[in-house]
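Here subunit A shows up in two complexes: once beside subunit B, once beside subunit C.
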Partner chain A sequence: MRHDFLDRHSRLDSPIHRLCADTKLVVALAIVSATVVMPISFVTYFVILGVVLAGIAVVSKIPVSFLAGRLLLLEPLALGVAVLALFQPGGWYVFATIVVKSTLCLFTMILLSNTTPFAELLGVLRRLRFPALLITTLALMYRYLFLLMDEAERMQRARASRTFTKRRFALWKVLGTVIGQLFVRSTERAERIYAAMCARGWK
Partner chain B sequence: MIEVRNLSYRYPDGKEALREISFTVAQGECVGLIGPNGAGKSTLLLHLNGILPEKLDGAVSVLGQPVSSENIDSIRRMVGLLFQDPDDQLFCPTVYEDVAFGPQQLGLSESLVPAALERVGLTGFEKRSPHHLSRGEKRRVCLAGVLACEPRVLVLDEPTTDLDPRGKRELKALLRDIPATKIIASHDLELVVELCPRVILLDRGEIVADGKTVELLNDEKLMLAHGLERPHILQHRHPHGFAEAPWVK
Partner chain C sequence: MHIPDGFLDAKTAVTTAGLAGGGLGLALRQVRRQLPRSKVPLLGLAAAFVFAAQMLNFPVAGGTSGHLVGGVLTAVLLGPSAAVIVLASVLIVQCFVFADGGVTALGANIFNMGIIGGVGGYAIYRAIRGAFSGLRGQIVAAVVAAWCSTVAAAICCAGQLALSGTVSWSVAFPAMANVHMLIGVGEGLITALVLAAVARARPELLEPSSGRNVRLSYGPVLVFGLLISFGLALFVAPFACSWPDGLDKVAQSLGFEHRAAGQPLIHSPIPEYQLPGISSAAMATSLAGMIGIVVVFVLAFVLARVLVPKQTR
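Right, the complex of A and B next:
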């Protein structure tokens, strides 16, 4: 079982992938900041940015279906807020602003995370002197997220192999147990990881 | 070199894990720690590195230094601990960072990292993510992470679990070449026979026997009484003995 949904295409080989992580992170953050502060009336900026990002996507060889899927997955979060704006006078303007800006920002970050391995991004943050605790937390999250998902998948399979009822209530009840078990296992694992860190000099 | 005197330990839930454990291990010795599940092997190993208990009382000492909160750093520098589950031990995003973790924490040079990786045969794996390695490779990265700290005592908890026969053979060869004092807790009695001239049998938190591996493991009654078996390696002896383990005659 192998999960790598965070940076699935980050190990492809393309001119964009070969760029150094520092440049990519700085450019991505600059694009996001500029997009957020740019008034929506600067249509040329948004069109050019859209074309440039599409060009990067093509050069980086990341499958279009993957990028579209990822956008669809993340967009509802921004859309939820945007839809609320429709209920006020002049709401269309706010709605359009949020949709355009969030789409471009999300697209930028999706491209960044799929052209740069997560470990390299952490390396850049470390060089930029981000707080060590934050970087350690991110690194541990990245390392154990997949493990947790594998564990959940294994438990789910084990449960499915011994589930003989289709009654919804029973299924929900079992799901509750699975989630609880997963929580207990993660807590115990966290203790063991901490012990392993201490054994190699962590203070 | 390692001295354990009247060590007792009770888990916070009240379960007694170790009772009046005493033994000494000389420098360069390789000692096997055997016993059924739940005998207290892992708990004992955690004491050697000062991970347990929360309150240290000096019942364990390494190279003359008692394991206490004052000298816990130098104890951890001297004692390298290989954990049972490699996923607990590999917590960094890449192999290189994981192997470099110990040297960085202990203020050692990072030049030890390539050497440690080469020693376990994983040169070229630096940028790989631990999640994408096989079980055997993970185990070797763990070992590299411990070796990079240059420990004088190597404490291994079930090092061959989940390894295929080739992985086991390679690990055995690797361990044989490491000159450090070794304590190996394992259910893999073949490994214990091949690597450890001396063995300590633990059951229900107590030391049941401590002596020569071949003598103890050949005692079928003793083995069966404590949830173990006489290993095949001793049942079918090779006419010329073992080149690698001269104590098996």
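Right, the complex of A and C next:
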């Protein structure tokens, strides 16, 4: 599975990874909520939080380049909305607030997702009695996500090696066919999965 | 349109989480009742499909590219309740596995993209589909619904940002609405192309009478409608009206407004909702919206003609 790299570090071994998922989820949610509510004038809080998060990042043994890459990839999405705040009176202040807060929250979530396998997070949700249908959907989605991403990329590559059109609409039409075909394959796969689940005594 | 953490204040985050939780709960209940057990894996696979399809980029002019969001597409293929679950799952995984979209904004994102995008879009789709026959009607309806739901979700997002005090409505509304009027055209176009491709490969997946939501019962329609209108009333209505509302109008015509104007209980930061020099930008955006809907209708009609050969009507 090629696209596995997006989630690979959640299965490393470090003191942070060995903590139980409940603790990590609760702590991460608490940090994010506190950061969102905290007024920006509490500069010490933000500085301490930054240092603590950096410490966790070092202990968790996740490569710094990977963390920086994720942060740089996701930060522009936040900046894109934050820039809007500049077009109003007092915009710089709001802009700075948003950038500090969203960066810290983003870093917290990146650390959580890369130190906790998704299956363990789902286990926490199951213990909290979330609806079974939602958990089944999430579990199946996570299981087949990387597979379908690989499949989409293979289809995309096959298309790119066979169609040489400059016309944009024709290109769009072929891409529409690729996505449509991906959906058809997903439904067929779902039928096979259901048969396999029944064969193994699913409820 | 994923709102990150730090953009919504506590009251907006809690309200949107409540609305999204209610909508998701209702959708789960509906699906558990209506969907046959053999279709349960399809929900997970459809969510993975939406995620994978969002990776395929469509080249747009000038080296930029856009991608599918998939609210209306999922609602047309699987029904509105299933679409809410699928889109919520996509957003949850994007938030917890890829840190894309904030946790505190998860409710807002599910409300905007899942409930407004999926259920609201599906309502528009159902309203228009009957006007034309067969697959052409489905494609026209899907294009218009995809455009409308993209723009509506963006406006709702602008309202949430304004309510949180992050970006003022006069800045957020024109920016979000205008950009998403263009993005919505792309979304509609891709939705139509994918639907036509699915119809060519497996026409039975698109049959309106294949057991999904043939008969809409009134209860869920009512509750979903209430949820959406409640959300719009909270996030959009406080900012949207630049003219006096119904009560003011009546007061003016009956001539007792001087009494009401005596002692305001709460000093409104924006008197009569009028911001200086702002109504022009908002008006221009509304005008652009009206032109946009006409253009999208024409586009939808042309697309349906191009994509569906005559004999399959």
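Note that in this section the second predicted complex is superposed on the first by the 174 of 203 C-alpha atoms of A that agree within 3 Å, B and C clash if a C-alpha of one lies under 4 Å from a C-alpha of the other, contacts with A are read in each partner's own complex, and residues count from 1 in each chain.
We take it that a contact is a pair of C-beta atoms (placed from the backbone, for glycine too) under 8 Å apart; a residue touches a chain by one contact, two chains touch by 3 or more.
This one's a predicted model, so the numbers in the text were calculated from it and none came from an experiment.
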| item | value |
| --- | --- |
| Subunit B versus subunit C as contact partner of A:H9, first or second or both or neither | neither |
| Which superposed partner A:R70 touches (first subunit B, second subunit C, both, neither) | second |
| Residue contacts with subunit A in the superposition, subunit B compared against subunit C | C |
| First, second, both or neither for A:G176, with subunit B first and subunit C second | second |
| Partner chain in contact with A:K24 - subunit B first, subunit C second, else both or neither | neither |
| First (subunit B), second (subunit C), both or neither touched by A:L140 | both |
| First (subunit B), second (subunit C), both or neither touched by A:A199 | first |
| Subunit B versus subunit C as contact partner of A:L112, first or second or both or neither | second |
| Common interface positions of subunit A, toward subunit B and toward subunit C | 118, 139-140, 142-144, 147, 189, 193, 197 |
| Sites on subunit B touched by subunit A in the complex | 46, 49, 51, 73, 76-77, 80-81, 83, 85, 87-94, 97, 101-102, 105-106, 127, 129-132, 145-146, 149 |
| Complex contact set, residues of subunit A against subunit C | 6-7, 28-29, 32-33, 35-37, 70, 74, 77-78, 81-82, 84-85, 87-88, 94, 97-98, 100-102, 104-106, 109-110, 112-113, 118, 121, 131, 133-134, 136-145, 147-149, 151-153, 156, 168, 171-173, 175-184, 186-187, 189-191, 193-194, 197 |
| Complex contact set, residues of subunit C against subunit A | 2-10, 13, 24-25, 28, 31-32, 38-49, 51-53, 55-56, 58-59, 68, 77, 85-86, 88-90, 92-93, 95-100, 102-104, 161, 166-168, 170-172, 175, 189-190, 192-198, 200-202, 205 |
| Complex contact set, residues of subunit A against subunit B | 2-4, 117-119, 122, 139-140, 142-144, 146-147, 189, 192-193, 195-203 |
